[in-house]
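What follows is chain A paired twice: with chain B in the first complex and chain C in the second.
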Partner chain A sequence: MKAFTYERARTPAEAAAGAAGNAGAKFIAGGTNLLDLMKLEIETPTHLIDVNGLALDKIEATPDGGLRIGALVRNTDLAADTRIRRDYALLSRALLAGASGQLRNRATTAGNLLQRTRCPYFYDTDQPCNKRLPGSGCAAIGGYSRPHAIVGVSDACIAAHPSDMAVAMRALDATIETVRPDGSTRRIAIGEFYRLPGKTPHVENVLVRGELITAVTLPPPPGGTHVYTKVRDRASYAFALVAVGAIVQRDGTGRVALGGVAPQPWRVEAADAELANGAAAATRRLLADAKTTRDNAFKATLVQRALDAALAQARSAS
Partner chain B sequence: MKNANDGIDAARRDVLILGRDLMIVAPATAMAAPAALAAPELPKPPVRSKVSFTVNEKAHTLELDTRTTLLDALREHLRLTGTKKGCDHGQCGACTVIVDGRRINSCLTLAVMHEGSNVTTIEGLGAPGRLHPMQAAFVRHDGYQCGYCTPGQICSAVAMLEEVRQGIPSHVSVELTAQPQLTADELRERMSGNLCRCGAYSNIAEAITEAAGSRV
Partner chain C sequence: MKFDQPATTNPIDRLAVVGHPVDRIDGPLKTTGTAPYAYERHDVAPNQAYGYVIGAAIAKGRIASIDTSAAKRAPGVLAIVTAANAGKLGKGKRNTAPLIGGPAIAHYHQAVALVVAETFEQARAAAKLVRVDYVRAGGAYDLAAAQSSAVKPKEEKPDTAVGDFAGAFAAAPVRIDATYTTPDQSHAMMEPHASIAAWDGDKLTLWTSNQMIDWGRGDLAATLGIPKDNVRIVSSYVGGGFGGKLFVRADALLAALGARAAGRPVKVALTRPLMFNNTTHRPATIQRIRIGADRDGRIVAIGHESWSGDLPGGGPEVAVQQTRLLYGGANRMTAMRLATLDLPEGNAMRAPGEAPGLMALEIAVDEMAEKLGLDPVEFRIRNDTQVDPEKPSRPFSQRRFVECLRTGAERFGWSARKKPGQMRDGRWLVGLGVAAAFRNNLLTKSAARVRLDPQGVVTVETDMTDIGTGSYTIIAQTAAEMLGVPLANVVVRLGDSAFPVSCGSGGQWGANNATSGVYAACIKLREAIAAALGMSADAEFSGGHVSAGDRSVPLSQAAGEQGLVAEDAIEYGDLDKRFQQSTFGAHFVEVGVDAATGEVRVRRMLAVCAAGRILNPKSARSQVIGAMTMGVGAALMENLAVDVRRGFFVNHDLAGYEVPVHADIPHQEVVFLDETDPVSSPMKAKGVGELGICGVGAAVANAICNATGVRVRDYPITLDKLLAKLPAAV
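Let's look at the complex of A and B:
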């Protein structure tokens, strides 16, 4: 690990200003992803701003009937919150499908949104990777690409976003609240938060240098039956090959977001509109522009089957 | 006995230090001829920071390289070597300790981030002659082969039972809002962050089940 200086932030605005003024600075909260990457010198911050002391660890009701989740709420606490379990079961289910008990106890809401891909070439510093070292090439394209993305990819990068939680947040139309280095705040719809890789896969979201996530808000409860179906290589503690997060109403309409198949939690409005017509119709919309490799072409079939299973589960539960 | 061990440790350390010096000397000698080469970039001196926390009910103040993980602080600075370093990347669970009542991977958190924290390691759960019920159950059920993952398994299991008691659901809980029961499926899902390369899982599961008592 490279050496770094360390400070404990006192206010969100001060943390943002401090990070903006130091090109080598990074925020650290749970640290479960950042420290992993720092040990491998994939991340090499020269200054860490510890935000754990900021009072951003509450889940509060919003005036419109939704919830505001503080950026530092731990994954375990978010999944176990009685309001989340009752009204946003999809979010509980997605969180509980990810990582291990130890990691969920430490990982935060904001950190989960910002976690980096688990593409094996991103992790292998001896290999080219446009995300880790812009311009060096992509070893996954033409290489081992079984876990990789099949939609939203580019000629520069086919890495998949690893988060389960973000899939639920996408289906729930969450909004990300931030503070910028000048002290101003803004709200970013999760559908506009992530950036597709294009020619710049190292730029993963719309945050500006130093901008700090302070909360994630959920709109009023969407009702319906919530199902999170995750397909992976072992029964627990593994990243998704394909994940389906669905909220289905009694009349069969609803919304769906996918994990494991795109550089960001994947939602297509035209697919939501087809949901009542079944998994095959919705999958055609979800994967309309799919670009598979020999290794990961199976994911296209798996998406449809996982969605079919999720819809069947929703029907039997409602 | 203790002195003999110290002697061996000191001798080993000397060998390591000698080895490192030799590695530094060799390239410097080789580079002496072409003087035009730029001097290699020297590593910056480590940045140190002070932190105070409680471990097994004993207060400690340490001044550490900021890079020191909680795991290394426990093992290398406080000599509490019961907590094990397995993968050092949060994948195996051997380093599991209980911090402020919650089990975490001590390899994926910096010691300086734990100002004021209350840490419990395997040494704090029990000791020979006064074993924690979970430790006693692991012994009774032979819940190990090589034993390397055992401290992490036991710390994880103790905190896991508390999570169940608090009503925290898991991936396999059928009802999200009901009080979870420690079924075999629940136990295995909740312990999936602790790997055992020897494959002692069946005995580990039996030990935890017994320690959980009548709630199973």
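Let's look at the complex of A and C:
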């Protein structure tokens, strides 16, 4: 870990301005991802701005009947909130499928959205990795790629986004609220938030330097039956090989987002339109331009089977 | 004490303390976090500095140059050790590759430098400033690709052959010929390798985490080129080893070198991401098994070949070992072949040989039973043997394998098992599986010293280690039994090379041999006590008193002012040549396989073990359930993913290398058959710590096949291997 300076921000605007003026600055929230990466010198901030003191830890109703979730609401608290459990069960279930109780107690809403990939080569500073060191190459392509993505990938990077929460947020059409260093705020639809790797896999989202996430808002409850299926190699405390987040209405229509298969929580509008026609039809759309490796080709089959099971579960529940 | 005749009745048979499920005497220290592990010995040497190990960034080649100038200038840095400035170093007998590399690099993450600084954080930060330039060389990293180049290893018995295997197999009416693979696996114990080294002139003391004190002492001395007597090793508590700490590793050597360079004590722990490639692992295997049987299900031919790889100078994974002994059959062959691989060093991990060997053999046996239309329990029973099948004049000392199978089948409800793919519970396809457990009982010399003090307290000293197994407790039980004192009056001190040399912990030989060494020392102490009191040698020791005739004296009185000390070792004659000594068991497993996703979850487990006298049913059970858990890991998830281009294990942390978590492990039941084996030792005990893992993997695999009808022969059985063959309908 490189030595760094540290400050505690008092207001969101102050945090954003502080970060903008310092190229080596980073926000730290729960620290459950950032600190690990700093120890390995995968992230090397020279200055940390602790945002835990910002009063962004509330879940409030919005005028349109949705919810605003403060950026610092802990994953545990978010999953346990009765409004979330009742109206956005998908989110609660996705959160509880992730990490461990201890980690969720620390992990924040914003930090979770911004957690970085679990590609093992990304974690090994002795290996080439375009995401960690732009231009150095991608060791995973042609190497061990079982956990990696199968859609949205590029020749530069095939890493998957590891978040469970973000899959639910994507299916729920969440919006991310931010404040920029100049004090201006903006709202970014989650569908517009992440960037595909292309030639620049180190750029993972549309945030500008110093832009602080202040909240995530949810539109009014979508209704329907919520199913979150996380498929993994062990029963708990493992990242998803494939995750399916589905919201299914009585008539069989609905929406679906996937985890574990793409560089971002994966949703395809055309697939939603096919949902009533069954898993095979929806999967064809979801994985239309899939590019698998020998190690991860199984994920294509797995998506369809997991979606099929999720839809069956939704049918039997409604 | 020479043990060369089967034991007769002795004081242990009273079973006043031995054989009882007493709590671990070190339990409170562990549960309160006050048992001092190696890295936490802040008390033993003042002014400790911190070392951080740098691992090689290539798998094979050499170091062109190392630039340490920036690191040297970094805050707090005291010294930087590399092969170039470490002085002349030897290599320990038990290390395959040098513990510090340079200029030649033997494997990925082989240590190339140690940065010593005032704090851990300073050492770690400075380590990143060391610039190493490498010249890569091509290497072999793919066992399957290297299989054809494998040769007969120098190991004492690579091949065995009895009768006419080829002819009998060709003529057998029912046959299988299948190939199985097991992957590289990591010990993944909780406590990393860690050491604190301090020099006093030319004498070195090392507080470390090590299973085999005397081996480590010899190898460390040989590496440093100093007399063995100048090295003291202390390893009082070990947070798991599983074979990964049988040998001194880079932490030990580099702590010693770092302390020498810095002129003060230095502590070094291997970081988790370094451990997987820097230290040893269980090597992958490719195994071909052929079994031929007559239509009644009697094996007429059995052949087992295994291929594994290792660095030059390394050895094979002895995966055919159990096939030489487990089932009858007149025509037999086994063979091991070893390929050169430039991956990190392969070596022992919990039940080396039998663990991966049974993972293959016990699937093959299940497949054979299926072909014969026989129940797999019945097929195994039919092929039991009471003699070494390669040398029928040699009986087993004890072999209650059939009873393990029968007892297990009864208790597990085996008769409810259906044909493959016919049991269902909602979305779960349910199946039952069975496999044999088998592990040899190894005998090695083990010494101890026992002291009686004027307060009547008995202190046992031996360099035996407790790697979380319960050694402290069973040794205390042994001494208490032998001297007729309550457990509370026994103090046990372990893991110090200043104490008599024990068998150490490994190969499940620790419990039986170490307690037998204590038994031997206690017999001597009893003689000394009786002599001091002028009593005959057959004096009775019980209730804190020594009695002979009508005289009974409190033990404390015998000690005199100075106390009495006795030291002895157990040494073995040829009983293990005359008798085959092994431990047996049967594992029963119920799994559920998610019909949609192929996820496998274990629902029930039972192990029935026949392993001689169980010295402490509580610690023995704890060993077996831990081993069963590890067996589930081997069956379902553990796999060091090899990058065959770059030559290393990619998933080198505990996020990437998955081992079972609590949610993976259901209720586990363990039954020990009530037995004693007087041929084994005066304790009449054997070991269970490795028996518990042997066969578990195959029992899980067989249960999966029973649930789904899908036979997977490549471990771990992850869902991707099932998915394509599962029925389409959910």
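What we mean here is this: the second predicted complex is superposed on the first by the 318 of 318 C-alpha atoms of A that agree within 3 Å, B and C clash if a C-alpha of one lies under 4 Å from a C-alpha of the other, contacts with A are read in each partner's own complex, and residues count from 1 in each chain.
Basically, a contact is a pair of C-beta atoms (placed from the backbone, for glycine too) under 8 Å apart; a residue touches a chain by one contact, two chains touch by 3 or more.
Only a predicted model underlies this, so the values are computations on that prediction, with no experimental measurement involved.
**Student:** Is A:Ala3 contacted by the first partner chain B, the second partner chain C, both or neither?
**Tutor:** The answer is both, since A:Ala3 touches chain B and chain C.
**Student:** Is A:Asn52 touching anything from chain B or chain C once the two structures are fitted on A? First, second, both or neither.
**Tutor:** First partner only.
**Student:** Name the contact category of A:Ala281: first (chain B only), second (chain C only), both, or neither.
**Tutor:** Neither partner.
**Student:** Given the touch rule stated above, what does A:Leu133 touch, chain B (first), chain C (second), both, or neither?
**Tutor:** Neither chain B nor chain C is touched by A:Leu133.
**Student:** Looking at the overlay, does A:Ser236 come into contact with chain B only (first), chain C only (second), both, or neither?
**Tutor:** both
**Student:** Quick check on the superposed pair: does A:Asp308 touch chain B, chain C, both, or neither? Answer first, second, both or neither.
**Tutor:** Only chain C is touched by A:Asp308; chain B is not.
**Student:** Just to be sure I read the superposition right, which of the two partners does A:Ile28 touch: chain B = first, chain C = second, or both, or neither?
**Tutor:** first
**Student:** So, A:Ala300: does it touch chain B (first), chain C (second), both, or neither?
**Tutor:** After superposition on chain A, A:Ala300 lies in contact with neither partner.
**Student:** Under the contact definition given at the top, report the residues of chain A touching chain B in one complex and chain C in the other.
**Tutor:** Shared contact residues on chain A (touching chain B in one complex, chain C in the other): 1, 3, 39, 235-237.
**Student:** For chain B, which residues are in contact with chain A within the complex?
**Tutor:** Touch list, chain B to chain A: 43-47, 49, 65-67, 69, 88-90, 93, 96, 102-105, 108-110, 112-113, 115, 156, 159-160, 163, 166-171, 173, 176-177, 188-194.
**Student:** Using the touch definition up top, name the residues of chain C that touch chain A in the complex.
**Tutor:** Listed in rising order, the residues are 55, 57, 75, 121, 124-125, 128, 273, 427, 594, 596-599, 601, 636-637, 641-643, 645-646, 650-653, 655-656, 658, 660-664, 718-720, 723-724, 726, 730.
**Student:** Under the definition above, what is the set of chain A residues touching chain B in their complex?
**Tutor:** 1, 3-6, 8, 28, 31-32, 35-36, 39, 48, 50, 52, 76, 79-80, 82, 85-86, 89, 92-93, 96-97, 99-103, 105-106, 235-237
**Student:** In their complex, what parts of chain A are in touch with chain C?
**Tutor:** Counting only chain A, the residues touching chain C are 1-3, 39-41, 118, 120-121, 123-124, 126-127, 139, 142-144, 146, 229, 231-239, 241, 298, 301-302, 305-306, 308-309, 312.
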